[in-house]
Structure formats: structure tokens, C-alpha cells
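Structures are listed in the sections that come next.
Here come two complexes built around subunit A, the first alongside subunit B, the second alongside subunit C.
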Partner chain A sequence: MTAVEHAPATSRGWFNSKVFAKLAIRLGAFAAFAGIMIYFALTARGFTTTYNMINVVEQSTILGFLAFAMTVVFIGTGTDVQKGGIDLSIAANAGLCAAVYAVMMREGYGNYVAIPAAIGTGMVIGFFNGLAVVTLKIMPLLGTLAVMNIAAGVELTLTENTVVPVQSDLMTVLAFGRFLGISTLAWCLIIGSVLLVWAIHYSKIGLRLYAVGGHIEAARAAGINTGRYVYGAYIFSGFMAGVASILIVSRLSSSTPGTGLMLLPILAAALLGTVFSRRFIPTIGGTLLAALFIGFLANGFQLLGISSYWVSGVQGALILLVVTVTSFAKKH
Partner chain B sequence: MTAAAIEMRSINKIFGPVKALDDADLVVEAGTIHGLVGQNGAGKSTIIKILAGIYRRTSGNVSVFGKPLDQITPASIEAEGVHFIHQDRLLVPTATVAEAIFLRNEPRVGPFINYREMNRRASELLKLYFELDLDPRTLISELSTAQQKIVQITRALAHDAKVMVLDEPTAALVSREVESLFSVLRRLKTDGLAIVFISHYMSEILEICDVVTVLRNGTDVGVVDPSEVGIQKIVEMMTNRDTSEMYPRREVEIGAPVMSVRNLTVDGAFEDVSFDIRSGEILGLTGLLGSGDKEVLNTLFGQIKPDAGEIILHDKQQKFGSPVDAVNAGVAKIPEDRRAHGVATGLSVGENMSLASLGQLSTRGFVDRKKEAEVVDGLIRDLGIKTPDRHTLVKNLSGGNQQKVVVGKWLGCNSEISLLDEPTVAVDVGAKVEIYNLMNRLASEGKGLVFVSSDLEEVTEMCDRVLVIYRGKIIGEYKRGEIDADRLLAAASGAVAETERKRA
Partner chain C sequence: MHQKTKISRRSTVKAIALATTMLAVSFPAMAQDKPLEGKTVGVTVIGTDHHWDLMAYRGQVDRLKELGAEVIALDAGRNDQTQISQIQTLIAQKPDAILEQLGNLDVLNPWLQRIRQADIPLFTVDTSTPHAINNTTSNNYSIGAELALQMVNDMGGKGKVAVFNGFYSVPVCKIRYDQLKYVLQSFPEIEIIEPELRDVIPNTVQQAYSDVTDILTQYGEDSDLKSVWACWDVPMIGATQAIEAAGRKDVMTYGVDGSPEYVEMVATEGSPAGAVAAQQPYEIGKRAADNVAAYLAGEEVPPFTFVPAVLITKENAAETAEDFLPKKD
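The block that comes next holds the complex of A and B.
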């Protein structure tokens, strides 16, 4: 015999503080985006010109592709970077793929061999991440850090830390081609985003990937082969690194050391993207917005003549801010 | 004769040194609701997890609708139409209701998920079985416990379940929700489903089950019709003891007050609470959820600072800034949420139990291992903790036995006042008796006990005196002999209009 009386257990409604906090953060993120855009438009000369806007979108394509890769890893392993999964090797992997591509082109293999080789390299590195995280059960932060160093090391061995120039027709099309007044790189971002939105947000694989990252026990209990999905997320991340590497080489007409430095903006974009979503989870749309945001930020700083070293600091601060704010909102 | 829906024969399962299942059988026919009962550690969850493909059996045979299954995985067992409604609501918090229901069975148009169709069918199923108007786009994390349970069951229905296994489905539900759950289960039974129903609540077993399998120590000790044999008999089979021994009696001389509470007030929680705790006394404190009984206990333990009033212990007014002060003054507390505040599962049974009393077990900073071993072994014996020895890691014990370790941890430290916050919640019958015995022993050693519980039967049986608290005020005080559960319930729910305080 018990005399327990339960409180009515509904937690919906606008006055719910948790819902309110999330809404405030989301609106705040949009407001910050808009505010910074307006600030640059007023102060930075040439910021609002069409040429500059398209330039930023082009620049953001590579960041966007790599941030999408990170987003997919987040989706499949949970956004909690302290406990969940992460792929620290993405940027180094892209650098390695670019090196593989450039070196093979230099050796005269041609695009039909060099492109699959570059993408294949990326996927192999992704497989190693999966091996470390899923099979060997190493903490993702450490496992992918190790793989990052492997990729960076192989890249240096291949290129001997030099710039490897590349010339091909495809490069010209990617770097200078236009269609309907929009450059090829910008088209890549548009098409890539649409394909990924479809795959992640409208296909059963996407839904199951979210389930695996959202609550791995629940996903397992629902009969999902969770290990395969996490492996898949890392291999996909490697695939995206390979694709991005072709774009990197085409933009610079060469493979250049230093691609690994993109890790910080990639991480910032993927994390910042979660703030733009209703459920506070990583989404393709959110990451796209965040990548553009970071692109405009770097561009605005450049036009204002602020040292590019500051950009790196701002990105680091963004990561801290987003992680703090989202984990705060999830707790309260 | 058609094959049974579930047939598990001679199942054995060994975890390290512990034999969790010992030749257990479970046979469930289609069109029945089959109860599975047993004390904590009897093997209920183990046998279910074997069926679910979460654990692999050491030996034995499993067949579903006559089809023998060798390797079971969570996916393969679902394909056989067997679905599990887990106790700890295994749902993805960031998914919507519709996504959770149709996960792995999504309605599609070509390669796309048909979200409109998915949402429509989710609403339809919720309405059809539960008469529930729930927006299928609501996030799981925004649902109440009962709604999450409903989503889990709906998921099984959406996947054409033929067998449904419900593990403690009513644990977090209020009575109205339990009734609607039962009417759904009866309807599913009529539709020909086989339902396995696991519960600690004997009244529910009696109400809903056609057949009951009783497990004890990893073996099935009987398959009975509950309406024929009655609750009493089933409990006896579970515990292998007579229930009249359930509430052990004791004769203790009640002495002088150890702790006095005067006009204690915490704004918004309770006001003007005054009482004495005497040595050798078990003082009950009971009320409805939110009445303030728990807050009183937390204040006595220094977790809440009182706004007014005083706590007098050792003839001295005490100001507890934190639980540390309370422990130093000789107050111990067994928290309600033992899982959260309770055990370090990676440590051994002995280490866990001596953690709280290391001060008394050490000389000049060194732990006296011999003394520790004596105390711990004594507690293991007294509480009947099922463990090979004190060196076994707590994570290798069953849930019920883990809880006993926490109780032991707090009772091990030699305090004058013990505050017990629902010490028997979610503990099986046998463990309850052992906890009652321990309470009695503490009282007979001259300690004072404050016992908060919403189980009025145990309050009635165990306490020398009971204070009933209603909306933050003590509205009734009953001595042993005048206490009965009906009167307490009437007082706790506010039916006793004015204070009928009877001073001792």
C-alpha cells in the first residue's frame, strides 16, 4: 500500500525554462550571425559586393565539405565531444589525399587513376579511425589524434614538405569554370549540401545514424548494428576528405603543406552548427550556415585589415562558447 | 498442439564466479499474460536479457514458436516478432515520437522516408491503442515517463509484435496510467499475443497474469495460476519463507531524547516542525509526495539550511552547513537514489562498505584491515548480500545486491542518528526483511532512527511512533498500537481536518 502521488508529468509548453533557454540560444545565434554581417557590411569596404560574396561561398566550400564530414561523425557518435566521437584526423587526411592526388598527377597517372586513389586513401584513413574507435575501443579523441599524426606523417613523406604543383583540364574547370553565373566550386557546395540533406535527413540510414549517436543502447535494442554505423561515419568522413582534397588542389593548383591547420575551423563549424538546429543536434543545414558564418568572419577580418592570427583565436573562442552554452542548455 | 510462443529450457548462465541462472525454464503460451517474479538477483533480468540477445547463454535451448534459435541478437529476435519494453525506457532522446516508433521500420517512398505517412500512422496507433492525442513530432526528451513507456509499446505494435516482454512496466506510472496499460495488455492478449510481465508489485501480478513463473536463486521453483494460489503463496515461493516473519518484532527500552528538533522551518517546504528522537526509537515520517517529509530529512542532514528553528544534538544547538558537519556530529543518512549517490561499481564490496566508516576503522591514518574485514563480513552476513566474498567487484552483483551494499555502507558507520530515506524502495521482499532487521538492531543498540517511507504498511509495522506531515506541517502523531495504515493514509491525504496531535 503506498501513498505516493505523482506530479502531473508533462513538460511541454513555452514557459518551460529548458525549451525557452534553447529557443533563446538559437535566436541568439541567428542574431549574432546577422549582427556580424551587418557590422561588416557597414565597416568593411567591399564586403557586400557580389564578387566578394561569391568568393566567400567558394572559400567556404572546402571548409563546408570537411565540416559536413565532422557533422556526420558527430551524428553517429553523439555531439558530446568529451564522451562522444570526433574525427580529429579530417584535416590531416584531406592534406594526405591532396598529396596523393598531386603526386600521382605529377607522375603522369591522370585524373581517372589519381582521383579514385585520393578518395580511396581518405577512406582507408577513415577505416583506421573506425578500427581504433569501434574495434579497439580507443577513446575517439585519442584514437583519431593518433590517426591524424599518421596521416600527417605520410603526407610529409610523400611531398617531402614541398609544394607539388598540378596542371589539368579538370583543375581549370573546377577553379575557373562557371555555370549560370555561379562558379563550379559554389555549385559543388550547393549540390553536396542537397545530396547530404537528403541522405542524412530523409533516408532511413540517416535516421538510424541519429539513433546510434543519440542513444547507442536504444539503437542496439532496436536491432541496429551500431558498430557498422560508427565505422560507416568514419569511412564517410574519409571519403569527404578525399573529395575535398581534389577541390583544395584545384583551388591552389597544387598540394600545399598546412591543410592540417583547417582542423580548428572545421571543428568550430560543426559545433556551431548544432546551435542552429531545433533539437540542438548536428544537422547538415546548421553546419552549412556555420561554415558560411566562419567564412564571412575570416573574410570580414581580412577586409578590415585585422591580422589573420586573430581569426584563429576567434574560432577557438567560438568552440569554447558553443560547447559551454549547449552543455549548459542540456543540463538546465 | 501448437508450439509455445517462447520455450526456454534448462538455461544456465555464469558470470565470473556468480551462477545467475541454474537450469531455469520459461515457457510462455500465445494468448496469455505470463508473470515472471522473483527477488532481486533471482535471475529475472538475466533470463530476459538472454532472450533479448543481450547476454549469451552458457547452455540451454531457446525456441520461439517452435523454431529453435542458436545465436540470438537484438535484431534477429525482433525479426521473430519478440519485442522488449525495457525498464529503463531505451529511446533516443533527440528523436521524435514518430521516429522512435518506426525506427528500423520506416515507411518509405523509394529511398526517402515518408515523414507525413510516418507521423500519420504514429498518431493513428497512439489513438487506437491508448486513446492518446500526442503530436508525433514531439521529441522523446519532452515526454513524461508514462508517455515514453507508451511510445515503447507502440513501437512494438508497429513492428507486428507476436510476443511482448515488459520489464517492470508500471514502475514509474500512476494508478490511472497503470489501468490503461492493463486494458491495452488485455486487448493484446485477446488478439493472440504472448505477453511476459515482470513486476515487483504482487497485486498487479494477481490482477493481470494468467500464469506465473517463480524464480529463486536462478531456478524456476514453480509455474502457478496466481488467482488459484494467491499472493501469499507466491511470495513464500520467492523467499522460501513464511511472510508472517516479514516485519520482525523487537522489544527495546526507549530511552532519553538523542536529538531534538524545535520549530524547524524551511520556507516553501515545511514550517514549525518540532519533535524528539529518543534512543532506541524508530520514528516514522510519512506524507504524500511533496508534503515536505523528505525536506525535513535533508535539513537534518545539512543538505538544506533551515530558515528558522533549531536542531539540538548532544545538548548543543547544531548548525549543519553541509552533510559533512552532520556526519561529524554523528548523523548518517541512506539516500533514496542509491544508484546515483551510492556505489562505486569498480570497487569491491568490502571497499564500498568501509568507505563511509574509514574514520572509525583507522588508527593514525592507517586503515586497520583486520577490523575492516570483521565489520564488512558482519554486514555481508547481516544483510544477506549475495556475493562470493568481500573482494568481489560490486559491478558483478545483481542490482538488488548492489543496493544492499549501499545500505551496508551507511549503516556501517557508527552514528547515533540514522536517517533513512525510503530504504526499501525497489528492493525485493527478502532484502526488505534484512533491512528491517538491521534497523531493529540499530535501535536495540540505543541509536535513534528517522524513517521516511511512503509505504504505509512498513511504516505501520516498523515504527514506534509516526509523524504524518501534510503540506509542510505535522498534522498527526501516532504511537505504536494506535497506528494503522488506513488512519495514516487518511491523515496524509489531508482527510483528517484538524490536527489531532496526541503528545506522547
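The block that comes next holds the complex of A and C.
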């Protein structure tokens, strides 16, 4: 609303149609989400039960955490696919962290050593991304792709592509524990989201990060050490990969090959999330909604007895739709 | 003499097939036309990207539908996290029974336990777990031993063997591998090359091709390398191609499952594919569905149902391979 009031009078007509288009898309996105939810609620048996709802939140936690990481990278580097940043290594990084954690637990180090080691590994990989993108000025698509391969390679070396089982009380609590009727994983998503919304949208660091990603020259002129923020975004992304890896291991009771496959759903959630924001920018809340949306979609399909083969197809179609609509809205 | 053995082999195969059919026909669940009418059954599989997996999956789904059940069929596309989420939602759907096929037991066991805690009868296909009422499978103990003995025979009781062992966490592979090791205990002149090779999913064939090419370079014609073994046959497709490409005549491959491409290789004169223990995955899937019907009809179901497998070798391929070759439309 404030944006409209401050708009220069000469371009009011053009601005209004642009604002209108954006508003329509955003409302359309919310309406589509709500519509699909209502449809599932009316037709899918058991969809609206509290138990099922909490299940979906729980199932979305790992995707949510990794999509948050991608969102932070988008915020700090801009969403333009060619000029902006991206962290293609995130899923492989989570796989590597899970492997580090599982292998260290197998070798007899306790949680107190293995968890920091896993998260530390994630941050080191994040640092490599920063090194490639900021210091060596490699295109993020290529730089993080290379780092993705490094992470995947080290994971294979550690696990020899096998399943490494982990048993610990902490894992049982994370995977099957409940507090106030809500499962531990669901709590993780709730608390993680609240903390991140505060850090990204209300803290000084978060606002500066937006400045860096929104207009890097302006941010630099304003005296922000932009390189440090981009580095920070990538290292944070690695940190989140480490945290998510602990949740992955707890859910699967082991580290398994194939965590890298999560990259596409992560990108889908982070990109889809932009539709839920006022200016089509990446936000934590938007990404949270998108991750839940993807979770509800798979859940609703299963409850309706629609083949699971459709889920990924629909996911792909959604990404295409979102990217088309938002880029169209940004240009016009 | 030769003719006689041929006939006796063929009749053995026929007898097994006949026995299987009779068993299926005489199965009590058949008494009623659609014994699963009004019942919902969940089927969860880790993936269907290989011939065996797809056939067993289809066998279950087709048979369950034939018996009148409403089927919730879930293919996790080789993604453990997806399978866990699907199982979690499936539990909330409270079906009358759940069928689970393959996957990593370390990952699955806590969740299979939760299925039982929710009082949903659990049946498995090719997955041995204490939480299942019945596991329908091939007799992997005999498959593993028979294939190992065939390999030992072809090797003349001595030499080196390269072994793929990437899926020891998959129960059926563990059994077959352990059986191989057990058989080899009696043949001290046969040596498994260390380190063992790792078969992978996906890119199974390509990876096996390059791994075996490396092994062939490392172990030349005079090295006494005679065999390559895996607990299934998809990597053996790549291994066989690699041996052919290297022009080696001294190395043979051995696998399990009966993927049409590999059976064709075994049946081909001069191909380095030595033998394959061919299973009947579609039949296994159907029998698992029959077990669900029997159990829900209140009948006793044994903990294991074995569906016979056929050892196809270079010598007997002419009689045994036919049913397992690629279907030509």
C-alpha cells in the first residue's frame, strides 16, 4: 500500500497495472493453495485429521530446512538465474554431512562429537562455495555445481555408497518423539521457521542481506561489506545442510545414498515461495508455505489414490508456471 | 544319455511349474471369487526401475485388484525419504493390510514396527523382517548356494573371482553373498579379489562396465581371474559387456534375478555370461497378494512362502531360458 502512495504521479497508470498484476498473481497463488487444500479436505478421506496434518508438517521439515538455506542464498545474491546466486551443492552437502555423522557414530564418537563434526563439514562446504563465487568469481551455477560434485564424491568415499545405520537415543527422540501432541520433527520446523523469520526479516543482518542481494552496488556504496554477506549466505546454507542432515539420519535411522536427489524439490520450494511474497522476492514465510504445499500435494494425492507418479510431474509443472508468471510480472 | 538328462531337466522345470500352478489353484483364498472385496490394501515399494522390482510390484497390484481389493500403490522412486513419508501417510490411512517390497532394512525396520503397532497386518515381498506376518520370496539360500556351486564348477575349483558387494544391507543380497562365502570355504584355492567392488543404483550397468574394465586391466590373461559375481544381474549386464569388449575368453559372469537382457546373454553361445538364477517375480508378487487374502479370510499363513527359481546355465539354457527371455511383441 505504501508503495502505491509513494509512486510518482506521471507513471501512475503503468504502475497501477503492474501492481494490479502482481496482486492478482499473489492472490491467485494463495487462492490456488487454499483451493487445493479445500478440495483435498472435501474429497480425501482423513486429510483434515490433526494426525495427518502433523504428519505432513513432519514430512516437510527436512525439505523446509534445506529450502530455507536456498532461500537465504537467493536473498543474499538475487534470484536472477544467470546473474544471481544459487547453491546447487546443498542437497549433496546434506548427504555428505549425514555420512560424516553416521560414520563417526559408527566409529564410536558420541553425539557430542559427531553432530558438531557434521555441521562443521556443512559449513566448510559452504565456505568452498563462497570461495568459488566471491573470491574466485566463478559463476554460481558452475561454482556450486563443482562443489556439489566434491561433496558427493567425498560422501561416496566415506560410505562406499552403502547404508550406514545409526542407533542413538537422540535419533529415536527426533524421529518418534512427541511433545504436546506434536512430533519432534514438526517442532523443529516450527522453531526453525520462527528463528529464521526473525533473523532474516527483523534483524539488522537480515535486512542488510536483502540489500546485498537486491542491489549489490548500492549496498556496497552504503558501506556494506558485500563479499562477507555472500560468503555468509553460503556458509549459512552449509550450516543448514548440516542441521538437516541430522534430521535426515534420524528419520531414516541411517545415512543412505541418494540425498542429492532432493535438489529439485528444494529448488521448487524456494522458487515457489517467491509467489507468496508481495514483491516476488524470496522470503522465509513464502518458502515455508511452498514446502508445506509440496508436502500436502504428495499427501493429498496419496489419500485420493492418485498414482504417486503424478506428484513429480505436477511439481515440475508448478515450477514452470511459477517461474513463468513471476518473471512475466517482474518485466511488465 | 545326453538326451535323457535334457528330458529329465525339462520335466523337472515343468514339474516345478505345474506344482506352482497347482499350489496357486488349490490355495484356499480362491474359494471365493473376490475375497478382498471392500478391503483396502497398501503396496509400498522402494522403486520399480528394474525388471524384477517392476514385475513383482505388478504381480501384487494386479492380483490384489483381481481379488477385489482397493489398492493404494506407492512407488518411492528409489528415494528412502519418499518411501518413509509414504509409509507414514499409509499408516494414517489405516488400510486392512500393507505389502512392502525390498528397500533398506536399516531404514525400514523402525517404520515396519510402527505399522504393526498400528495393528495393520504387514506382509513383505523379498524382505525378511521380524515385523512381517509372511515374506514371499525365492529361496535365496538355495539360489546363493546353487549359483556359487555352478561358478565353482565352471572355474574348475580354483582361481580368482571379482565380487560386487554394494548391497549387503539388502537382506536377500546378504543371504546370497553369505552363501557364496560358505560354499567357497570348501574351495580354498578360490580367492575373492580385495577390495570388493561396489554395485550402485542408479547407473548400475555403466558403473559395473567401468569397474570390470578396470579389474580386467589390473588382472590380465595370466592372472587366473575367472569369474565376476553379483547378488543380482543388472550389474552383470555391464560386466559381461566389459569382458566382451576387452575380448577376454577366460572370465565369466554370474548373477541372480533373471532380467531378460541378462538371460539372453547367458543363452547366447560364446557370451561371457555364465549362469543366472532366474526368479519368477510376477508370481512372487501374486503369491504375496494371495497370502494377504488368506490371512484376511482368517486362515493361517506361514512366515515364508517360497516361489521356485530356475538356474539357467550355458548348458541348459536351450530348455530353461525360454520363459525368461525378452518378450518380443
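The rule is short, and it goes like this: the second predicted complex is superposed on the first by the 313 of 332 C-alpha atoms of A that agree within 3 Å, B and C clash if a C-alpha of one lies under 4 Å from a C-alpha of the other, contacts with A are read in each partner's own complex, and residues count from 1 in each chain.
Going forward, a residue touches a chain if its C-beta (ideal position, glycine included) is under 8 Å from a C-beta of that chain, and two chains touch if they have at least 3 such contacts.
Quick caveat: nothing in here was measured; it's all calculated off a predicted structure.
> Identify the partner contact of A:135: answer first if only subunit B is touched, second if only subunit C is, both if each is, neither if none is.
A:135: touches no partner chain.
> Mind working out whether A:48 is in touch with subunit B, subunit C, both or neither, as first, second, both or neither?
neither
> Of the two partner chains, subunit B (first) and subunit C (second), which one does A:324 touch, if any: first, second, both, or neither?
neither
> Look at A:157 in the shared chain and tell me whether it touches subunit B only, subunit C only, both, or neither; answer first, second, both or neither.
A:157 contacts neither subunit B nor subunit C.
> Between subunit B and subunit C, whom does A:261 touch in the aligned arrangement: first, second, both, or neither?
Touch partner of A:261: subunit C, not subunit B.
> So, A:215: does it touch subunit B (first), subunit C (second), both, or neither?
first
> Applying the document's definition of touch, where does A:305 land relative to subunit B and subunit C: first, second, both, or neither?
second
> Which residues of subunit A touch subunit B in their complex?
Within the complex, subunit A touches subunit B at residues 1-7, 9-12, 19, 198, 202-204, 207-208, 210-211, 214-215, 217-225, 279-281.
> Considering only the defined contacts, which subunit C positions touch subunit A in the complex?
Interface residues on the subunit C side: 70, 72-82, 84-86, 88-90, 92-94, 104, 106-107, 109-110, 114, 166-169, 198, 200.
> List the residues on subunit A that touch subunit C in their complex, please.
Listed in rising order, the residues of subunit A that touch subunit C are 45-46, 49, 51-52, 55, 58-59, 62, 160-163, 165, 175-176, 248, 251-254, 256-258, 261-262, 298-299, 302-303, 305, 307-309, 312.
> Would you tell me which residues of subunit B are touching subunit A in their complex?
Where subunit B meets subunit A, its residues are 52, 54, 73-76, 78-79, 84, 86, 90-95, 99, 103-104, 106, 108, 111-113, 115, 138-139, 142-147, 155, 174, 286-290, 454-457, 485, 488-489, 492-493.
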